[in-house]
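Presented below are the structures under discussion, each in the form of C-alpha cells.
Below are two complexes that have chain A in common, paired first with chain B and then with chain C.
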Partner chain A sequence: MIVISNLGFSYGQVPVLKNISMKLEEGKIYGLLGENGVGKTTLLTLLCGLKKPQMGSIDVDGYNPYDRKPSFLADQYYLSDEVAAVNMKAIDYARNYGKFWEKFDMGKFLEIMKIFENDPEQKMNKMSCGQLKKTWISFALSCNTRYIFMDEPTNGLDIPSKAQFRKAVTKYTSEDSTLVISTHQVRDLENIIDPIIILDRQDVLLNATVEEISEKLYFDYSNEKIEGALYSEMTPGGCVQVLVNTGSEESKVNIEALFNTVHLHKELVKGMFAK
Partner chain B sequence: MKTSETFSLSRFGEYFILDLRNCFAKVGLTTLVCGLVPLILLVMVAATNFAVGDPSVWIIENSVKDMVTAVTSIFYFLLIPISCYGLLTDKSAGSTSMMLPVSHTEKYASMVINSMIILPLTFAALYFATDAALWALFPARYEDAATVMTMLSSFFMPWMVSAVGLTGALLFKRGKGAKTFAVSAVSFILLVAMLGSIDIPSLYNKVNMHTVNVIWVAFQTVCAVLCLTYVYFRTKKIQY
Partner chain C sequence: MKDIFNIKRFGKYFVSDLGSAIANFGLSLLLLSSAGVIVYLLMGFFSLITSGAWDGSGPAIRFATLAISYIVLMISMPVKCYGHLTDKRSGSAWLMIPASTPEKYLSMLLITTLVIPVIFFGIQCGLDAILCAIDPGCGDSFFTLLGTVPGLVNEIPEIAVADFVSDMMRPYSFIDDHIYGILTFLLGAICFKSNKSAKTILCLIGLSMGISMIVSPVVLHGMVSIAGSLEEISDPSVIFNLSLFDNLKIFDTVSDLVITAALLIAVYFRLRTLKH
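Coming up: the complex of A and B.
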C-alpha cells in the first residue's frame, strides 16, 4: 500500500503539491487526472523515487522511494511520458534489462508486443514515437511489478493502439498490482481506471472508486434539460448531465463530465466524498 | 536469500557487463578512430607529400606527432566519459537508468571503472599497437609515440582527466563537451598564472624536482577525488 502524508513539493518559489494526503490500495488501477501543471507528473516521480519530497512523506510498503533501494526498484516500474530511443532491438533490450526485474516475463513481453502489432526485432531508435511508446508499455507490463506508474501512456498512440493498450492493461496486469496512470485523455482509459483521483492546484479534489462516484453522483444521458444539474454538456449523441444522486439510482460514470463537474463545484464535491 | 541493498557481486557483474557493452556501443567507433590516429596521420602526411610532388620523402616531424598524440589523448580522456554518461542528466534516458533495480554503489562503481580504467586503457593499447606497428614497418621514417604518451601521462594523469570529464558529464545540462573543456582549460591557465607568480628559481634551490613531481601528483589526485566525490553525490541525489 502507498501512504502519502502531507506531501509538499515546489519548483523554486512555485508550489505544485501542498499538503497532499491519500492512500493507494493494492490491486487497483488508479486514474490520475488533472489540468496541465497541477502536478500529476511531479506526484508520479515522487512516488517512484525520482524526486525527493520537500515536505511530508511517502511510504510504499515500508520503503521511502527516494532511497532507491534495489529491492524497492525491482517491485515498481515508472514509465515516463518521454521515452528513450535506445540503440538496441526491442527484444535485446527486454532480454538484457528484464533480468533486473525478478518477475520479468519474456513471453508476456512478446505477447504484448504482438497485441500492439510491434516488431520486437526492430531497433528502438528506428521506431516511430507510437511504436516506441508501445514497446516501453510492453516492457513495463512484463516486469510484473507490484507498482506501475505510467505518465500519459496513450500520448502518441493511434486509435487502434489505444484500444490495444486497454486490452493489454486489462489482460496483463496481475491482480495484486497497483497501476497509477496519469492522463489528460480520459476517454482512452474509460472503463479501465478505478478509482479516480482528480488533482487540483495543490489539492486532491477527488479520490474515489467508480462505485462510490455513482453512489453520490448521477449521470443522466437523456435529452431533457434537468433543473439543478451540477453540470451539463451537449454531446453529438445527445446530452450528459451530472446531478447529486439523491435516489440511489445507478448510472454509468462519464469521466470527462465528472472531471468538469468536480472543477465547477470543488468544495461541494470534496465535501461529498470526504471520508 | 536476501540480496544486499548496497552491493551484490552477481547483480554488479550483470550490470557492469551491460554498462560496458553500452559504452562500447556508444564510443567504440570513436575509440577505434582515436586509436588509429598514428596511421591516419601517416596517411595524411604521405598523401600531402605525394601531392606536393615528392612521394619518397614523408617523414613525420616528431613535434607534429607529439602534438597530435597529446591532443588526441586529452580529448579522448576528457570527452569519452561525457559521451558515455552525459545522458544521465536527461529526463528520459537518465530516469530509465536511475530506475534500474541496481544499487547506486554498483552503478557508480561501473561508471568509474568503465570511464576511468577500461576505455582509456583500450584507447592507449590501440594507440600504442598502431604506433608500434608503424614503427616496425617504417623504422627509418617513424619514431614511436610511447615517449610523448608517457611524458603526457606523467604530466596529466589520465584518470584525473577522465574524472574531470565525468564531472562535466553530470555538471552541465547542455554543451557538456565544450563547457568541460573550456572550464578545464581556464582552470589550468589560472593555475599556471598562479604558479607564475611564485618565485620558482628560488623554490628550486629549496626543493628538488622529485618533490615537485610528488606535489603535482598529489594535487591531481586531490582534484580527481573531489571530482569523483561530486559525481557520487550528484548521481545519488539526482532528481528528474
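Coming up: the complex of A and C.
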C-alpha cells in the first residue's frame, strides 16, 4: 500500500503539491487526472523516487522511495511520458536490463510487443515515437512489478494502439499490482481506470472508485434538460448531465463530465466524497 | 546490507553497463584506438603520391597521435557513456534500474578509468606492434619505447637533477593524472546538462587561474625567502635544489590524492542526489 502524508513539493518559489494526503490500495488501476501543471507528473516522480519530497512523506510498503533501494526499485516501474531512444535493439535492451526485475518475463515482453505489432529486433533509436512508447510499455508490463507508474502512456499512440494498450493492461497486469496512470486522454482509458483521482492545484479533489462515484452522482444521457444539474454538456449524440444521485440510481460514469463537474463544484464534490 | 552492495547484482549490472557503454562509445573507441594506424596510412599514401616512396609515420608522430587520441578519449568518453544521465528520459530509466548507487558508481568508475582505457591502449599498442613488425621503417614500437623511458629520464641533465622531477616523469606517475583527468570529465558529464566538455574545460581553466592567483605569490614568496633574491631563483638548477622542493614529491602525491578523493566523492554525491 502507498501512503502519502501531507506531501509538499515546489519548483523554486512555485508550489505544485501542497499538503497532499491519500492512500493507494493494491490491486487497483488508478487514473490520475488533473489540469496542466497541477503536479501529476511531479506526484508520479515522487512516488517512484525520482524526486525527493520537500514536505511530508511517502511510504510504499515501508520504503521511502527516494532512498532508491534496489529491493524497492525491483518491485516498481516508472514509465515516463517521454521515453528514451536507446542505442540497442528492443530485444537486447529487454535481455540486458530485464534481469534486474526478478519477475521479468521475456515471453510476456515478446507477446505484448506482438500485440502492439512492434518488431523486437528493431533498434530503439530507429523507432518512431509511437513504436518506442509501445516498446517501453511492453517492457514495463513484462517486469511484473507490484507498482507501475505510467505518465501519459497513450500519448503518441495511434488509434489501434490505444485499444491494444487497454488489452495489454487488462490482460497482463497481475491482480495484486497497483497501476497509477496519469492521463489527459480519459476516453482512451475510460473502461480500465478505477478508482479515479482528480488533482487540483495543491489539493486532491477526488479519490473514489467508479462504484462510489455512481452511488453519489448520476450521469444522465437523455436529451431533456434537467433543472439542478451540476453539469451539462451538449454532445453530438445528445446531452450528458451530472446530478447528485438522490435515488440510488445506477448510471455509467462519464469521466470527462465527472472531471468538469468536480472542477465546477470543488467544495461540494469534496464534501460528498469525504471519508 | 543487501540493499547497499550485492556482488551478484553488481556483476549483472556491470555487464549491462559495459554493454551500454560499448553501444554508446564502441565505434568512437575503435576509431580512436586505430588513430595511429590511420595516421600512418595517411602519411604513407601522402608520401607515395608526393615522393613516389612509402614512408609511414615515425615513432614521434605515432606517439603524438597516441597522446592526442588519448586526450580526445578522456574528454569525450565520459560524456558519451554517461552524459545521458542528465537527460530526463534516459536519466530516469537509469535511476530506476534496481541496483544500488554504490554498485552503479563502482561500475561507472571501473568502466571509465580502467576498462575503456585498457582497451584503448591495448588496441593502440597492439596495432602499433603489428605495424612495426610489418614495416621496419616505422622504428621502435610503443612497447619497446616504453622500456626505454626510465633510462631516458636518467639521461635528462640539469633541470631533472631533483628526484621529484625524474620520478614524476616515470610512466606509473601518469596513472593518477589519468584517473583524475577522467574523473573531472565524468563529473562534468553528469553535472552539466549541455556543452558538457566545453563547460568542464572552462571550469578547469577558471579553477586553475584562481588557484594560481592564490598559490603563486605564496610559493614565490617562500622561494625568495629561502634563496635570498629573485635573481637566484631564475636559474632552474637553483630552484630545484632549494630545500623547499625536498618535500615536493610528498606534496605532489598528497595533492593528487586529495584531488582524486574530492572528485570521487563529488561523482558519488552527484549520483546519489540526481533527480528528474
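The criterion applied here is as follows: the second predicted complex is superposed on the first by the 275 of 275 C-alpha atoms of A that agree within 3 Å, B and C clash if a C-alpha of one lies under 4 Å from a C-alpha of the other, contacts with A are read in each partner's own complex, and residues count from 1 in each chain.
FYI, a contact is a pair of C-beta atoms (placed from the backbone, for glycine too) under 8 Å apart; a residue touches a chain by one contact, two chains touch by 3 or more.
Since we're looking at a predicted model, the values are computed, not measured.
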item: Combined model on chain A: chain C and chain B, fit or clash; value: clash
item: Partner chain in contact with A:23 - chain B first, chain C second, else both or neither; value: neither
item: First, second, both or neither for A:126, with chain B first and chain C second; value: neither
item: First, second, both or neither for A:48, with chain B first and chain C second; value: both
item: Intersection of the chain A residues that touch chain B with those that touch chain C; value: 45, 48-52, 68-71, 73-74, 76-78, 80, 82-84, 87-88, 96-97, 99-101
item: Complex interface listing, chain C residues touching chain A; value: 2-3, 6, 9, 12-13, 16, 19-20, 23-24, 84, 87-90, 92-93, 95-101, 103, 275-276
item: List of chain A residues in touch with chain C within their complex; value: 45, 48-52, 68-71, 73-74, 76-78, 80, 82-88, 92, 96-97, 99-101
item: Complex contact set, residues of chain B against chain A; value: 3, 5, 8, 11, 14-15, 18, 25-26, 90-93, 95-96, 98-104, 237, 239-240
item: Sites on chain A touched by chain B in the complex; value: 45, 48-52, 68-71, 73-74, 76-78, 80, 82-84, 87-88, 96-97, 99-101
